[in-house]
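If you scroll down you'll find the structure; I have some questions about it.
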Amino acid sequence: MMLATVVGWLNQHGAEFLLALWRHVMMSLLSLSAALVIGLFLAAAIVDRAKLGFIVINIVSGLRTLPSLAVLAITVPLFGIGLTPAIIALTILALPPILLNAHVGLRDADPDAVEAAVGMGMHRLQVLLQIRFPLAAPAIFAGGQTATIQVISGATLAPFIGGGGLGDYIVTGIGILDIPTLLIGAIPIALLALGAEYSLTRIERRLFSEELWR
Amino acid sequence: MIRLEHVTKRYSPERTSVEDLTIDIKEGTTAALIGPSGCGKTTVLRMINRLLDPTSGRILVDSKDVATVDPVSLRRHIGYVIQNIGLFPHLTIEENIAAVPRLLGWDHRKIKQRTEELLHLVGLEANELLRRYPKQLSGGQRQRIGVARALAADPPILLMDEPFGAIDPIARTRLQDEFKHILAKVRKTVVLVTHDIDEALKLGDTLAIMRDGRLVQHATPKVVLQQPSDSFVNDFIGADHAIRRLELFKVSDVMIGPSRTSATAKIEEGQTLHRALAMMISLNVDCLSVVDRAGSIIGTITRDTIFSA
Amino acid sequence: MLVWAPKHVWDIVLAIGQHLVLSASSAATGLLLALLIGLASVGRPRIYSVAITVANLIFVIPSLAMFALLIPLVGLGFTPAFISLSAYCLLIILRNVWTGLRSTPTDVLEAADGMGYSRRQRLIRIELPLALPLILSGTRLALVMSIGIATVAAFIGGGGLGTIILIGVNQEHLEKILVGSLATAGLAFICDALLLWAERLLLPWR
């Protein structure tokens, strides 16, 4: 019975649904990529600069205490509503886990290896690229995993600042008190999140399980 | 008091930890269980309080087979000190010492009295230590609390596994001496596992030497040093055992009457023959006068008396 | 700048109250469940694996979606938010209970066994108290996290500070957005500090 309703609905609203799904995924991917670029760059920049690092880390840790809703809300007065502000907000949400993990990973990269590299005569940039980053890869990946979940979660809330995405169905479903609509939004989001987490865990195991790093 | 009869502990056909061990430990004596790493001495210790059970053979404590006694209740009546002590970090020193009495349901006034008494017994005077936590104490202090805790319920038996192993050598000697004094005050049957021959010689009334799970010799220090039962024991106690033996005798044990030509060099009556010989060598003399605390001459000791001890 | 807030102090206080009730009760429930499951799974690790896997799955699902999935079952308002938040807290605290119980130093365990503690006594009097630092810090983390996520409860009629933020966005009212957001962050900060202080009080031996 339910299945018939769903199939019927999909025929009518299939395109709309796919658009929402696409927006949700795209928002997530764009903000994640932006956060990776910014986060890794910043982490690299503060590796040997304690004072700058202190400021950056504290700002980012502070950002982490703001609830996702607040981050999304605050972009409205600054950037208005719509897709772009949503992506900006999601990037801000994804930044802390990536930056903080990258920072710790780079900073604590096997000090003996770093010292050997410096002693060999490598430039700071070479040490960074050839030694620190590879050793920090597990930590950075873990940060990326957390960020992904944060972003998919944040994207769920995007509708309320006009960003679209699957969360729209949930909000509408609550507004008109219609459970099927609610579930059209909730179930795919849940599946998306679970799927992302599962794939990332598998990839992590594949990439990092050989104890090359110890 | 403690008797092991044909005790064997086998983990697998290839791994036998203890092989057919029979030993008798008399009440009120300290048996030092000694041997190289892996000889099975710690296994033997842990079978006495049933932290491990033997594969065959039986263990009698106070003539009762320990296999017939509830292990938890058995352990509450045996004191147990291990190398790192294992003080409970979340309890005050007082609560640590009071642990077993509390498990036994002692009256709390009796417990308070006992903890203070024990603190003094182990040479710690300040009562305010009772309210501190283990992390605030030094290694030596923690060691003493470990002993106090083991003695709290006044058990007739004390099992110790390398109790002074984690202490620096200087503090260790001092703790060993103090422990010897403590043991003199309380009458306990003690089994002490150690890999340090000097510690065994100092603290043990008897030495039980083990190798590859078997008991090689069980005798008093003097006998072991004089008549090692085989070449292994001989090597184990060290090539200089004849000289070490001299530490077991005091000058007052072997001195002869004051000689007419009184020797100029003096040695106190409580010193060991080892010290006496060292003095003779460094001063290049053949005899020494033995004096008492007040300084009056009470005897003589010569190279010959030392050599024939 | 602060025009609206001073005139609506009671509304703000009410929102804070609702928010706190939701977050704190979820954290408390999470703690209780974590302790029960943690203690029950000593010697029965399967109980832990099952519980942690389920909690992990729930945790991954975005909060709004999770609330929404529960609405057909329990309706709108406080309940779906409470159930979801409790599950999130359970995950965080249970992990810490498990790790805490298994981190007792071996010499302490051996001393306890040798002295004559039964398994049960050892668990309750030695292992659990020594696991307390991890359990308390997990609870603190869970509470702070709940305060953040509880803002989403506003979407489903659960009240709290999220309501002020939502209205602020709808009305494009900057002050409301800021008040709601900063109050939430402030609440989280205060709870974190309070629990940290409580931790220090309860753990004089660290």
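Chains: A, B and C, in written order; residue numbering restarts at 1 for each.
Note that in this section contacts are C-beta pairs under 8 Å (C-beta built on N, C-alpha and C of every residue); 3 or more make two chains touch, one makes a residue touch a chain.
Computed from a predicted structure; not experimentally measured.
**Q** Using C-alpha centroids, which chain lies at the maximum separation from chain A?
**A** Farthest from chain A by mean C-alpha position: B.
**Q** Central chain, going by Cα centroids?
**A** Smallest offset from the overall C-alpha mean is found for C.
**Q** Using the average of all C-alpha atoms in each chain as its centre, how far is it in Å between chain A and chain C?
**A** Going by mean C-alpha positions, chain A sits 22 Å from chain C.
**Q** So what's the Cα centroid distance for chain B and chain C, whole Å?
**A** For chain B versus chain C, the centre distance works out to 53 Å.
**Q** Quick one: report the Å distance separating chain A from chain B, using the average Cα coordinate of each chain.
**A** 63
**Q** Quick check: in the complex, which residue numbers of chain C touch chain A?
**A** Spelled out, the residues of chain C in touch with chain A are 57, 60-66, 68-69, 71-72, 76, 144, 147-152, 154-157, 162, 165-166, 168-169, 172, 174, 177-178, 180-181, 184-185, 188-189.
**Q** Hey, which residues of chain B end up touching chain C in the complex?
**A** Checking each residue of chain B against chain C gives 49, 51, 72-78, 80, 82-92, 99-100, 103, 133-135, 149, 159.
**Q** If we count contacts the way the header does, which residues on chain C are in touch with chain B in the complex?
**A** 105, 107-118, 121, 126, 129-130, 132, 203-206
**Q** Which part of chain A faces chain C closely enough to touch in the complex?
**A** 65-70, 73-74, 76-77, 81, 149, 152-153, 155-157, 160-161, 167, 170-171, 173-174, 179, 182-183, 185-187, 189-190, 193-194, 197
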